[in-house]
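Across the two complexes that follow, subunit A remains constant while its partner is subunit B and subsequently subunit C.
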Partner chain A sequence: MVKVTYVAHDGARVTVEAEPGESVMQAALSNDVEGIIGECGGAMMCATCHCYVDEAWEVGAGARAEGEEDMLEGAASEVTGRSRLSCQIKLAPELDGLVVHLPEEQL
Partner chain B sequence: MTADRVVIAGAGQGGLQAAISLRQAGFGGAITLVGAEPGLPYQRPPLSKAYLPAGKAEALVLRPASFFASKDIAYLPGTVVEEIDRNAGELRLAGPDAPKRLGYGHLILATGTRNLRPPVDGLEHACGLRTLADADRLRARLATPQRIAVIGGGFIGLEFAAVARKLGHAVEVIEAAPRLMARAVSALTAERFARWHRAAGTGLHLGTAAASVDAGGVSLADGRRIDAGFVLLAAGVRPNAELAGAAGLETGNGIRVDAQLLTSDPQISALGDCACFPDPRSGRMVRLESVQAATDHARLIALRLAKGAAEPYAALPWFWSDQGDLKLQIAGLAGPEAREEAVADGVVARFDAQGLAAVETVGRPAIHMKARKLLAAEAPATLDVLRDVAAA
Partner chain C sequence: MALAPRDETITLAQLTADPYPIYRRLRSESPVLRVAAVGRTLLTKASLTKAVKDDPELFSSNDPATPMRPAFRAHTLMRKDGAEHMAERTAIAPALTPKRIQADWGPLYEKLAEEYISRLPRGGTVDLFKALCGPLAARILAHILGIPEATDDEMQRWSQALIDGAGNFGWAPEPFAASDRANDEMDALLERLRPLRIAEPDGSAYSVMLTAENPVPPSQIAATIKIAIGGGINEPRDALATALFGLLDNPGQLAEVKAQDAWGKAFEEAIRWVAPIQVSSRLVTRDTELGGCEIPAGDTVMTVQASACRDEELYENGEEFFVFRKKNPHQAFGNGPHHCAGAHVARRTVGKIILPMLFDRFPDMRLATREDVQWRGFGFRGPVNLPVALN
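== the complex of A and B ==
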C-alpha cells in the first residue's frame, strides 16, 4: 500500500492508504476525501481533479502528461508550477508518503 | 421551501451526485437513494472505452460503501421505484431488502435512459451497452477474435468499434443516417472521425438501416448482408419517463422540467438523461445525455433544496468522446439549425443567429478549455473571438 496525504485548502490533513496503480484522484474518491471531484473519471477531460504537489515531491511526482498542461488552463483555481491533474499521478511504491495540496475550488 | 425527507429515484451518475451535493450544501434531513441496479453507483463512460480491455470494475465505482454511512445516506440498491403516489407523498418500491412504501418530502427523479429498440426483426440476437452487466457480457464476447457488427454510428457504437478493432476484431458499423454522430456533431467533425475509423480498418455503412438481425449477422435495408458473430445494438436511447408519466407529470422527450429543474409538481425534480429542460442559451427544450448535465443538474437541485437558492439553471454543456487516438471535446450546444466552420486544425465552430453556439475540438484541449470560458461568459461569444483564441 502507498500512503498519500491530502491537505485541504483550510489546512486540514487526511492520510489514506491506496493501492499501487491507483491515481491520486481515485485514491481520494475511494477514501472519501473531499476537495477532488474527478468528474470525467480520469479521462483528462474535466480539470476538476486539480492539486498542487508538495514542494518535497515536486520531482518525485514526475512530469505532466501530454495534454495535461492544456487542460489545467481551465482549472477553477490558480495554476502554479506545482499544479497537476491528480488523475494523471499514478501511485507507485516510490511515491509512498506523497503529499498533495488541494485548491479552494474545482468548479 | 425546504423538505426534510429527500428521496432520489435512480442511483446513477446524477442521482448519486444529488445525494453528495445535498450533504455538501449542508442539508440535514433524511436522504434515501433508491437504485434498480445492484452494487455501488458507478460511472458509465469507461464502459465503452477503457473498461472493455481492462475490466477493472473497482475503478468505475463513484463512492465507496463507507461514504453512505459517513454521510448518513440510506442507499437501497437492487430496488425499483414502481409507482409515485403523489397524493400520499409516497413511493411504492420493489426489491428484496426494501420497504414496500417510502414517504418523501421532495422526490428527485434520476432514472436515466434505456436502450432504444428500433423496429428491426431479431434484436434478441443483439447486445446493448448501457450497464456494467452489459459491458461484462460484451467483454466475454470480445475474448476471441471474430466479426462484429455495430448497429448505430453514434458515440457509444463508435467508441466500442474503436476498442474492438484495436483488440483485433473485424468491425462493421451500420448507420441509417448519411453520416456518423449526426445528432451531435458537425459534418466536418463527423467526416474526420469517419476517415479515422476507415483507416483503422473498420467498415462504415452509412445511409442504410439494419432490416433484420439473426444468429449469423445483419441484413441491411438495401439488400446487403453483413456476417457477424455478434451484434452490438447502439441505436440510441429512450428516457425512463414512464414512472413520471403514470403519476400524471408532464412528459415529452423525457420528464419536462422548468429552469429550476422542477417538474409540473413542485415536490418533484428531475435531472440528467431523463430530464427535458430549457436550454439556457436558446430557450429550446432539450435533453442531454452527458455526465456534465447529470452532475450540474444535481448540484442546482441540491442548492435549491438545501439553501432555497432560486437561480435558474445556466451551466454550459460540455461533452467528450474517446475513439482510438482521437479525443473529441465539445463545449456548448448547437441547435439543429446551426452552421459550421473550420476555424483551425481540429477546431470546428457551430454558430447561429445569436453567435457562437458550440466549439468542437479534436486533440486540442487548450482550445476546448478556452472555448468553455468564452461560451460561459456574460457577453455573447462570437466567431471572431474564437478565431483569435485559436490563432493565439
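== the complex of A and C ==
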C-alpha cells in the first residue's frame, strides 16, 4: 500500500492508503476525500482533479503528461508550477508518503 | 453466460412521458436490458454507465452509421475516438475554460442576463421557459461561439433541427429536410464571419479555432460549432428550467439556498435530478460482459445517465430534488473522453450568474400552478413550459 496525504485548502489533512497503480484522483475518490471531483474519470477532459504537489515531492511525482498542460488551463483555481491533474499521477511504492495540496475550488 | 434479457413491453411513448418509474424498476430487476422499442441495450446502473464511458476502446463513440451524420452533414467529434477526437476537442477547449468565461466574458454574460431578466413583464403569469430560459441560453452561446450575428430564434431553431435530425432513427425525410435547411444557413453565416474572426481574434470558439497555430480543417471547425449549437442551448435551457422548478416547488430549500448562497449546488442537483441529456450510445468493439450478461461485438449499448443519477447505490431518496446532499457525484455531464466540453460554461452561466440574479430581481416569484408544468423527453428531458407569477 502507498500512503497519500491530501491537504485541503483550509489546511485540514487526510491520509489514505492506496493500491499501487491507482491514480491520486482515484485514491481520493475511493476514500471519500473531499476537494477532488474527477468528473471525467481520468480522461484528462475536465480538470476537476487539480492539485498542487507538495514542494518535497515536486521531482518524485514526475513530469506532466502529454496534453496535461493544455487541460490544466481549464482548472478553476490558480495554476502554478506545482499544479498537476491528480488523475495523471500514478501511485507507485516510490511515492509512499506523497503529499498533495488541494485548490480552493474545482468547478 | 447468456445475452441480456429482452423487453418488448416498454414503449417510446412511456419513456418520453416519464421514464423514471421504469428506470427505477430496471435498476432493481434488470440493469442490462435489450429494449426492443429503442433497439439498444439499456444500462441503468451508475457503475455500468460509468464503466462504459470510461473505456472508449471497448465502447466506441465512433459510429458513423447514426442519423447524426446526415443531421450535421459531418462526422463530428462526438462520434470520434482517440487522437482524431482529441485534436478537435483540444481545438475548442481554450474558448471554454473557467478563466476565459470568468475574466473575459463574465461581465458580458452578466449584462446579457440583466437585459433578458429586466425585460420580463411584471404583474402577471409568464412562461419563463419561453420568455427567458431558451432565448438567454441562445444569446450567451452565440457570443461564446463567436456568432453573435445569429438571432435568438435562429440559434434555437438550428439547435432543435440538429437535435431532431440526430435523433431521427426512423430515417424519416422531414427532420433531415429541416436540418439541411439549418445547415445551409449555418454554413452561410460561418462563411461570412470567417474573415472577420480571423482579422480580429476575440477569444470566441470560432475565432480560437480559426486562428490556432495548427488549425483543424474548416469542415471540422464548422462541425464542432454545430455540435456546440446542438448541445449548448437546450441543455442549459432545460437545466435552468429544472432548477427553477425544483427551487420554486421547495420553498424551504430555496430559502436555505438564498441564505447560504448555494446556487451552484442547486444547479448540480437540478441536472442530477433530471439530466438534460438522459442517454448516450456506444458501439461495442469486442465481445464482452456487463453486469453478468454477454455483450457481443457490434451491439450498441445505451448508457442511461438519467438513471445513473438516481441510483440507490449512490443516493438516498434519489427520486427527490434535494439540494443539500452530502455528495453529488452525478453523471449529467457524462464522463470519459467525451465529458461535456461546455460544463464550465454551463456551471458558471446558469449556476453562478442567472439563478442568483433572477431570484434577486424577483424574490417573490412563485409557480403559477405546479400541475400545469409539463415534462417531456427520452433522449433529452426537461419541462416544456414554466408558468411563473412575477411581481
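A few remarks follow.
Here is the rule we use: the second predicted complex is superposed on the first by the 107 of 107 C-alpha atoms of A that agree within 3 Å, B and C clash if a C-alpha of one lies under 4 Å from a C-alpha of the other, contacts with A are read in each partner's own complex, and residues count from 1 in each chain.
Simple rule for what comes next: a contact is a pair of C-beta atoms (placed from the backbone, for glycine too) under 8 Å apart; a residue touches a chain by one contact, two chains touch by 3 or more.
Just so it is clear, the structure is predicted and the values come from calculations on it, not from any experiment.
Model built by superposing both complexes on subunit A: subunit B and subunit C clash. Within the superposed three-chain model, A:Glu55 lies out of touch with both subunit B and subunit C [touch as defined at top]. In the superposed pair of complexes, A:Gln26 makes contact with subunit B only, with no contact to subunit C.
Once chain A of one complex is fitted onto chain A of the other, the partner contacts of A:Gly67 extend to both subunit B and subunit C. In the overlay built on the shared chain, the residue A:Asp10 is in contact with neither subunit B nor subunit C. In the superposition on chain A, contact is made by A:Ala76 with subunit C only, not with subunit B. Looking at the shared chain after the overlay, A:Ala43 reaches both subunit B and subunit C. Common to the subunit B and subunit C contact sets on subunit A are residues 29, 32, 39-43, 45, 67, 70-71, 73-74.
On the subunit A side of its complex with subunit C, the touching residues are 29, 32, 37, 39-43, 45-46, 67, 70-71, 73-76, 107. Contacts from subunit A toward subunit B in the complex involve residues 26, 29-32, 34, 39-45, 47, 67, 69-71, 73-74.
For subunit C in complex with subunit A, the touching residues are 50, 53-54, 56, 86, 89-90, 93-94, 96-99, 264, 327, 329, 333, 335-339, 341, 343-344, 347. Interface of subunit B with subunit A (complex): residues 24, 43, 45-46, 49, 58-64, 66-67, 70, 291-292, 295, 320, 322, 327, 329, 364-366, 368-370, 372-373.
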